Structure formats: C-alpha cells, structure tokens
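A quick write-up on the structure given underneath.
Naming follows writing order (A, B, C and D), and every chain is counted from residue 1.
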Amino acid sequence: MRKRTSRETIYRSRSLTSLMLLTLSSAVDEIIAVGRRFDARGMAAATTGNYSVRLENGRIAITVSGCHKGRLVSNDVTQINLDGLPLEAQTPSAEAALHAGVYRLYERVGAVLHVHSVVSTTITRLLPEDTDVVLEGYETLKVLPGVLTHDTRAVIPVFDNSQDMPALARKVRARFATLQVEPPALLLRGHGLYAWGATVEEAERVVEALELMMSCELETLRIGRRM
Amino acid sequence: MRKRTSRETIYRSRSLTSLMLLTLSSAVDEIIAVGRRFDARGMAAATTGNYSVRLENGRIAITVSGCHKGRLVSNDVTQINLDGLPLEAQTPSAEAALHAGVYRLYERVGAVLHVHSVVSTTITRLLPEDTDVVLEGYETLKVLPGVLTHDTRAVIPVFDNSQDMPALARKVRARFATLQVEPPALLLRGHGLYAWGATVEEAERVVEALELMMSCELETLRIGRRM
Amino acid sequence: MRKRTSRETIYRSRSLTSLMLLTLSSAVDEIIAVGRRFDARGMAAATTGNYSVRLENGRIAITVSGCHKGRLVSNDVTQINLDGLPLEAQTPSAEAALHAGVYRLYERVGAVLHVHSVVSTTITRLLPEDTDVVLEGYETLKVLPGVLTHDTRAVIPVFDNSQDMPALARKVRARFATLQVEPPALLLRGHGLYAWGATVEEAERVVEALELMMSCELETLRIGRRM
Amino acid sequence: MRKRTSRETIYRSRSLTSLMLLTLSSAVDEIIAVGRRFDARGMAAATTGNYSVRLENGRIAITVSGCHKGRLVSNDVTQINLDGLPLEAQTPSAEAALHAGVYRLYERVGAVLHVHSVVSTTITRLLPEDTDVVLEGYETLKVLPGVLTHDTRAVIPVFDNSQDMPALARKVRARFATLQVEPPALLLRGHGLYAWGATVEEAERVVEALELMMSCELETLRIGRRM
C-alpha cells in the first residue's frame, strides 16, 4: 500500500484486446453466464454486484436492481444510455451512472463488472484514507491488460463509498483524467471492485486476477511478518 | 461490536417485499432448492440447520429433524402450527418453537432460514456477553430489507444458546418487543444464524449478505489492526 | 484443548442409528458417492483418505491404495477380513488394519471414513503432546451420535502418526478400552481424521460436524483473543 | 523452512509410475479435463497457469498463451519441441522453455502442470531469499512419488521469478543437477507452483498434495504459535 502521488505511470504500452460490440441478445447471454461463474466463485452473494456491456446500438445493457446475479434470466437485463439514464421500464442498477461514466471515459471498454467480494470489501476497509491498493511483483500482474512483466506494480485507485452515484462518477472521472494510462479497475471502500475490459471475458479476467493478488495481500497481512 | 442499549432504531422506513403465501407443494420445492444452494456454499454441514415456510393454509412447513439439508426430499418436510406443535407423524426440527415464534411476531414473514455457518458460530463465541453483532458502513447492508444506504449500521441481536426452545422463543419475543423496527435476523451463541423475510429468496439474501459482512468482520479480527 | 485424564465420560446415553449391513454392490455405490461429496468439499485431495463399509457377509469393503477418492470406480474397492487382511488380488489401503480394528472394537459400526483435511492436519500438528481435541458448547455437537445438548463437550482422541498400522491399531484398542463410551472419531497427528457410524451417512455427518467445529476452533486460534 | 544446503537427499528409492506417452488427441483431452478440475478447486484464476504433456511423437503438447484454463477447447493446445520452440502457428505459453527444460532433464516425466495458487504465491513471497519450502512430518508426503513414510521431509526448491524463461530454465537445470533425486515440483517466487509426473494424474496429485500441505503451513503461520 502507499500514499497517492499526483500522477500514476504504472502501466506500460499495451497490446489491448479489441472492442467488439454485441447485440443485446449476445450481451444478455454473456451477462447471465458471468453471473453464474462469479456465484460459483463466491463473488455474487445475495443481490450484490452489477454487470454491463456496451451494445452495437450505442446503448449499455445492464443488470436490473435487486436480482441475484447467480440466477439471472433475460428479463433481469435492461438498457441505459451513456448518461446512465434508463431506456426501458425496468429499474437499472442503482450504480448505472458509474458504469456509464466508465464507458464515456474509455472508448475501448466494452464491459464493466462489479462485485462485492469479501477480499475487496475487507482490504478497502482496512486501508488508511487516501491510500490505493498497490500490487507489486506478482506474476499474475501480467493478466492485467498491457502488463508484460511481474517486475512492476499496479495501482488500483480506491474511492470512498457514496450513495450519490453521479457525484461519485464525477470524482472518478476527475481523478482518472490525471492518470496517464487507463487503470483496469477501481475499488470502492467497504463496497467492492469495479473492473472493465474490451469484452466481458477480459473484464472477468481482471476481477479474477485482482482477487487472487488481493487474497495474497490479505493472507500476508494475517501472518503479519515474513517467516 | 458494542454493548446493547435499551432501544435499537437502526432500520429505516422500509420498502418491503410483499408476503406471498405458498401451497405445501411449492414450499417443499423451495425448501429443497435452498438446502442445495446452502450446501454448495458450505452452510449445510452434516444435519445442521432447518428451514420453514408459512403456508396459505396458515400452517408452517418445516424440515424434519436429523436430515441432511443438502439432500432433502419431499418427505423431509412436515407441518407445524403457529404454536410450533407438530401436525403430522414426522418429528419437526427441535427448533420448531423458535420458527413459530418469528411467524407469530412478524406477520409479514413468510420464510425462516437457520444455518450453522463457521462464521456465525465463531463470531458469536468470540463476542463478550450481552453484546450484539453490529455491522457498519458496508454497501452490502443495502441487501437487508428496508436499508437504503451503506451509511448506517445494522444490529443483529445475539442470544445465548439453549435447548429449551419455548423459553428461548419467549426471550426473543420479549426482547424484540422493545425494538422499534423488525430485525432481519438473530444469532444464537455457538449455534448459528436465523434469518427471515417475506419469501425464501428474501430470507436467503439476508443469510448471504450477513455471511459476507460477518466474514469481513472476522477477516479484520484476524488481521487485528489497520494497515 | 486439555490434558488427558484417565477416563472420559463425555458421551451420554445414546439413541443410536441401527447398523444395516450392505451387499458389496451397495457398499461400492455408497463409497463412490461419499468420495465425490468429500472431494467437492475439499476433503479428498490427491489420493488422500480411505473409506470402508461392513458387509452382510462379514467382510469389509475398503478402497484400494493410491486412487483419487473423488473419482472412484467400482474396481477401486476391494475386500478385507476383520483382521485387516486382503481377500482379493488388489492391495487395500495401507491403513486397512486401523479400519478393521474399529469394526472389531465396536459391533454397531457399519462404516469408517478417513480424510486428510487441512483443518484436522493443522490442528493436530499444533496440539501439544498427549492432548486431545476438546469441543465444548457448540450446538453442532448434537450431530455426534448420542449427544443431546450443546451444553457438553466431546473429546476426540489424538494419536501420534505411525506407518506401523497394526501397532497403531493396538494402541487405539488399548486406549479405547479405557473409555466408558464409544467415541465418534479419532485424530492422527499431522495425518487426519477417522470417523465412524452405523452407516456411511452417519459417519459422513460426524466428519462434517467435526470439520465445522474444528474450523471454528482454528478460526478462534487465528484471532487469538476474544473481541 | 530452512536454508539450502549443498545437496538434498530427501527422497527415497522410488516405486515410480511408468511413463505412458499419449497421442495428441488424448493429451488434449487430459489437459482440458485437468484445467476444469483445477478451476473448480480455485487454482485457475483468470488466464493463469499452463499445462503440458509429452507426446508419443517426441513433441510436447502445451496450452497456448492467454486462455482461461477452466474453459479450454482443443484449439487452446499447441505443440512445441524439446527446446521449447513452437511447431505450430499458435503462440505457446510464455513459459514453454521451462516446461521443455523439465522434460529434457527427467526422461520419466510425461506431464508438467503449473498453477498460480494463492497458497504457493503467498508462501514464496513470505520466504526469505535462498530458502526452500520444507514439508516435514505430514502423512500426505506419501502422495509424492517415491515417498513411503510421513517421517521424512520434502524440500521444494524455490527460484526467483524471471521473464527470461530460457535463463530461468538454465538455473533450474543447474541446480537440479546437484540433486541426488528428482524433486516432484518447484516454486517460483510470487508466481506459483510447477509439478510433474509420469502422467497428468500423477502431476495433478503432486499439485493437490503440495497445496494441502502448504495450506497447513500457512494456517500454522497465521496462528503463529502452538496451542
């Protein structure tokens, strides 16, 4: 862990996955499938989390509010626009504005996945204020888009939690504007992890890789010392 | 964690799920299904736990004593009345009186789920006497019925374990009568978690949400300090 | 945990499951099924563990040496006699003598299940010499055959590990002869858990219940103090 | 844990599984299956890990770079030669040279499996420099090829991580040349575990057995003392 500095330059030049825009029907299928996988990994407790995909029609497909992500059906996915506003009768996730904010910020992003895992919730509650999660020296860092070596570090920005999603989205936008490279994820304190990528699969990989590395960080904190 | 005060006012005005009374057949299906899901999550070891549903005929469907909750069959569910007394030949769960007590206390409750998880057993054994579990600042608090923000705290009342279920049910009733709002769950020391809701699904969400947050609490206790 | 005293009287009068002797074919089916369940619970790593069932012909069906218990086939089960000696061409588990010893000691035992779990391995390595695992105050104690309240304690005898199975079986026999009631299980230091019952299902319940309670014990040790 | 000495003589005379060379088609089937099993055990997060099998044509079948090991399809396996060089259009795992090095070093090895588990990543990050993982007194040691008793110890060599795989392969070769017996596995610091055997099944057993024992080691470190 470490205090924030004014500018982060941790990510190297990237060989990025290309954005591939989906039809609503394909997006729904991918969202249902990733929900099942996250649930099997213990990352979709109760109605926590929400998932979205950028569609070929310029809209965003996003899970509706209050459903269990491990047992999604087609009707649990609705559409919003890039301002996070609902385009259908169903209520989208309360965090629609944050999803929309990521899509507006990064053109290459095709999917945003958010989970409340025990690991991401605990680690962000333990962190001092204004401190980000820094992962350093892990081979698994190479899973993050554009990272080519273990001999680097990734800074995952941490934001204080808020119920005012548009305000939170603005804070994210403001801080990310100061970063030279696109981060692969962000953390909300006591809340969970947001990760993104060109595809659902790429965003899912970021979730799994960060979970693995943050699990190692927590394990190390438990032990509290080198052997 | 914190000492009890005379009155708890932690829950806000609620947008509650409506009670939907089930036929016995539907209740049995839901009970079997939730048992499988809890078992897959490691919350149905051996013959631990018991589950009940309020029926449209005014009776309570409840698991029989001594069966494995991950492999329930129709015959493992019997009926009791609102006094917790058996209405069929099979022996209901030894904790029938506690289930019945919750249904008598809260008219909107349609399902009660009880699990012996490692997390709920350990945390209640570690707590000092007369101390409740207090969960504060978690986004996942919003899963609890009626909670609309992370910026609150939920008090989950803890009772000492007892084999005298009618006496324990009376203690619960007496203490709950002093609460201004209906709590979503209670804990029995060294025993486990009881959670309830309008539907099996709502009660299950409470179990999963509390497990997630209490797992974070235990994780934090393991580490024993902020970073 | 506590030092051994000369006699243990922790188990109460029992309402025991009746012994039901199986055909070889039924025993094989039950052994294959319990192996899959243990593997799903993370209790059948590599080729660890072995399982046996008392047959209606007076023989013992037991897993052969060196197979993965999560993927057993019929051919992975062989027969031994009550002295632990092989009755077929295949090599039975190296621990056949210990299984046989339990069947000779307790007539009502119909199944013996042995697992190398992380929990049982770790807890027995941490225990001082000549110290047993004592579980006290857990509601889940009631899963153990004959235990009717949480307000008791169960002593699970711990033996030092050995490659001389007949000698180890004799030590178990000698110590168990001093006990007034049949224990539900034993632990081998740095090795794992043996549990038994009238049926595979009863023995499995003992494994799951002890795993749950020993997990709570380890969790408490990790935290190292009351809150 | 302990400092390295010049020569390790921990493994006893072996009763080794015979090498059985596979066709490409069989190798692909086994690789896909072991990936699913590792994923179910939480040992195939994101795109981590890679698996290879020695073929009857003298080549090596190996997973291609960047695919999720829990959802492999036939096309995710390619072929390399014993120098680690690609023989097909697809890019093999970046760690092909290390796999090839193990096959060149040990003629009896038919499969090499590599995983980034939380346990192996954490334990190697905690270890002081030039220190190996030493596992002692575990019954589960007997799962390792050629080990016949718990009353021994296994040294799993630890190497510093590197992105220069040919150089790392040379370091492994140089150090292994000083060992009297073939080790069953090696660890890369902050990276993960490599294990091998005559067959995929034997290598998988080594992974599972080492995970179990290293989990016990970490659990003991968490507790930090005997009870």
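Definition applied: a residue touches a chain if its C-beta (ideal position, glycine included) is under 8 Å from a C-beta of that chain, and two chains touch if they have at least 3 such contacts.
Not measured: the values here are computed from a predicted model.
Seen as a C-alpha superposition, chain C sits on chain D after a turn of 90°, to the nearest 5. Distance between chain centres (mean CA atoms), chain A to chain B: 32 Å.
Shown for chain C are the residues in touch with two or more other chains, namely 222, 224. Taken together, the touching pairs link the chains into one ring where each has two partners. Residue ranges on chain C touching chain D, taken from their complex, read 1, 42, 45-48, 68, 116, 118, 121-122, 125-128, 131, 161, 163, 188, 190-192, 218, 221-222, 224.
Against chain A, in their complex, chain B makes its touches with residues 41, 137-140, 143, 148-151, 201, 204-206, 208-209, 211-213, 215-216, 219-220, 222-224, 226-227.
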